[in-house]
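A, B, C and D label the chains in the order they appear, each numbered from 1.
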Amino acid sequence: MHRVRPLPNYLVQRYHGWKATGYADNKAWYRRLASDGQHPRAMVIACCDSRVNVISIFGADQGEFFIHRNIANLVPPFQPDGDHHGTSAAVEYAVQVLKVSNLMVLGHSGCGGIQGCIDMCKGHAPELEDKGSFVGRWMDILRPRFESVRDIADDKEQAREMEKQAVVTSLQNLMTFPWIEEKVNAGELTLHGLWNDIGEGSLENYSPESGAFHPV
Amino acid sequence: MHRVRPLPNYLVQRYHGWKATGYADNKAWYRRLASDGQHPRAMVIACCDSRVNVISIFGADQGEFFIHRNIANLVPPFQPDGDHHGTSAAVEYAVQVLKVSNLMVLGHSGCGGIQGCIDMCKGHAPELEDKGSFVGRWMDILRPRFESVRDIADDKEQAREMEKQAVVTSLQNLMTFPWIEEKVNAGELTLHGLWNDIGEGSLENYSPESGAFHPV
Amino acid sequence: MHRVRPLPNYLVQRYHGWKATGYADNKAWYRRLASDGQHPRAMVIACCDSRVNVISIFGADQGEFFIHRNIANLVPPFQPDGDHHGTSAAVEYAVQVLKVSNLMVLGHSGCGGIQGCIDMCKGHAPELEDKGSFVGRWMDILRPRFESVRDIADDKEQAREMEKQAVVTSLQNLMTFPWIEEKVNAGELTLHGLWNDIGEGSLENYSPESGAFHPV
Amino acid sequence: MHRVRPLPNYLVQRYHGWKATGYADNKAWYRRLASDGQHPRAMVIACCDSRVNVISIFGADQGEFFIHRNIANLVPPFQPDGDHHGTSAAVEYAVQVLKVSNLMVLGHSGCGGIQGCIDMCKGHAPELEDKGSFVGRWMDILRPRFESVRDIADDKEQAREMEKQAVVTSLQNLMTFPWIEEKVNAGELTLHGLWNDIGEGSLENYSPESGAFHPV
């Protein structure tokens, strides 16, 4: 582990700046969060993409959202096989331990993972087909959905539709977890599917009635 | 999917507020992010905990950090077996596609996942031992480290040490990915281990020379 | 060219120190900057004054800001006459090639160029009136603004007001460039006027609504 | 001027962080700089490129260097025609008013302005030939030098040589200013030509004896 390096200096300086302002001004809240534990109302499952805005788009502060971020905001189906399942573990902790009331899946425009999945489905990304490609194997979760967007001629439109299919897939997979289905049916948990256009700042909400996404 | 509900109204209102202010004031940047794609300098692997402050602690804005968040900021070892590995996929995308220069693992005080792991190791959490416990199976990644903290009498001190062991474990597991080891050795990627005390706002940095964490 | 001399030794020593530390610790980032090119979010137009702090005042690191520095942070009006226009070339490169999202003009207290302009306007600096005075001819850009500060009795107050007029003049001249006006109107570029008090560390932001500068 | 927008929030936060730390810790020095004026030892002429490291590469702090930054660190020849000459004004102020002892021209690898000049000279950039192209007309300063690099077959090698020719051109043009030649001959001012490889962190110094650049 001799390859671990000092933290870049600009981050050290920015951290000290935050400590003297953002922390100092909110010390009471941070101390309360430390002593009282977290009581988030909602869980958000979003993409790792650096452009995705989970916090400020909803005016949230520390303590409000339990946030899991992975490639393409995907939830795999319920599979209690004893292996490491990071996403399922995060969902379990939020729903079973923290008992969040709302669970939001937040997709976004221009998702690189989704584009990779489309390329793979079209046969344009052999490297993602490789067994050793973690991104490729992760995107396998979404792969069956390609059929529903295959005929969309416009590339950008096809990508957007696939991004929305990823949100719907995650919602459907969440319902395969028995304790989620139970809580949803008991009115103790609500699921929400969202898609954000990064450039336009728009937000669309999935409606199961219409089967489509509508502006919030 | 009839259980999907409308977005809670307080979030709808906050979103519209952000759209009219935070988005409107930074539209130029959001449009550039959309048209130019993301070029993040660093990846951060942090916990899902709602109290963890990944963005503002470093004065970062949209576009700066590629962020993966899971329970206890754990990275499993390299295991290219064709299964879904969400964390490995996120790391692969950041390092191989986005070519980030810095990869930071950020642990924190009062981590519920870590406490669960300790309870499980002490035999106090049989429910986490269950094969069907996703949290338990996820925390198995950290389990071998319990030996190194078993003899710490003070519970809080023991938890802190285990939280730091989680960061070190992730750093070590990251080095089992051949393309990470290669890039680290080539000077194209640096790894950093951090631990944040939520209540105190302090930040400690792992030093492989001393094998300990030191205040930034 | 026999008058070119070796680099002063203190700079050679400091450079080698930086190479072994600041560079070594951030080699991954510098290599990425070299291979991936620059993607700065913002352009800053600031004064050459050695006391002006463009980088650390905003916690910025290499790669973040495209920086043009000239005497008194002035932008001349759009004048496509085929001559060498260094400031206009810098602005054109930032806006048209790099497509920066934000353009900040940063003025400062105690500006020697501004003081020279005031002296010249008051008839106290005949040497600056000379056709051969590059500083005098450069400050001609700001000269018409003297009318608006002529009646301020206090010298220091008058200088500060003139320094702020220089920022506003630059903003107005920037809007005479057709491709800047177009991008600003299309929401692809925002302009910002700032003034920094060097001794107090304060920062003021120009508000076109009030026509005045307000503390950030 | 209704298009001037509020400063992006991340910059406001970072500024307040700096004010509470970087400024607070150095208030004595900032106050002295404000009351005593600037007394820089050297002037640096560098490129606007966001990757160029003028300050930290030399371990410099506020007050040390008078810094002019333009596209490709070019100095035009002495031309006292009464027009606005921003670079000449900056040089005049540094040499005649501040009486700096050292004047460094700092070039760098991967310079976009230089590449544009090469493209223009090769007939590959008609848009830069346009009278209205400020970048093209600015790079005209360097254009005659293309003859000396025309026969270099390797594109990267050709660009590096042209970047170094830009430094030498600026040094030669500086000597056409009579008050610079006078001070250089009187031993009151030294000129230095430098070239920095951004990715490697190396620094080369122009030697008029050999007519080449050598590692510092």
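Basically, a residue touches a chain if its C-beta (ideal position, glycine included) is under 8 Å from a C-beta of that chain, and two chains touch if they have at least 3 such contacts.
Not measured: the values here are computed from a predicted model.
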{"item": "Other chains in touch with both subunit A and subunit D", "value": "B, C"}
{"item": "When subunit A is superposed on subunit C by its C-alpha atoms, the rotation angle in degrees, nearest 5", "value": "115"}
{"item": "Of B-D and A-B, pair with higher C-beta contact tally", "value": "A-B"}
{"item": "Distance from the mean Cα position of subunit D to that of subunit B, given in whole angstrom", "value": "41"}
{"item": "Centre-to-centre distance between subunit B and subunit A (centres being mean Cα positions), rounded to whole Å", "value": "14"}
{"item": "Overlap residues in subunit D, where contacts from two or more other chains coincide", "value": "5-6, 8, 13-14, 16-19, 22, 24"}
{"item": "Contact graph of the chains (line, ring, star, complete, other)", "value": "complete"}
{"item": "Contacting residues of subunit B [partner subunit C, same complex]", "value": "25-29, 31-32, 36, 39, 41, 59, 63, 99-102, 183, 187-190"}
{"item": "Contact set on subunit C toward subunit A in their complex", "value": "22, 25-26, 29, 56, 59-61"}
{"item": "Subunit A partner contacts - residues on subunit B that touch it in the complex", "value": "1-8, 11-12, 14-19, 22-24, 27, 30-31, 33-35, 37-38, 40, 43, 48-53, 55-60, 62-71, 74, 76, 80-94, 97, 102, 104, 109-110, 112-113, 131-135, 137-141, 168, 171-172, 175, 184-185, 190-194, 197-203, 205-209, 216"}
{"item": "Subunit D residues within the subunit B interface of the complex", "value": "5-6, 8-10, 13-14, 17"}
{"item": "In the complex, subunit D residues that touch subunit A", "value": "13-14, 16-22, 24"}
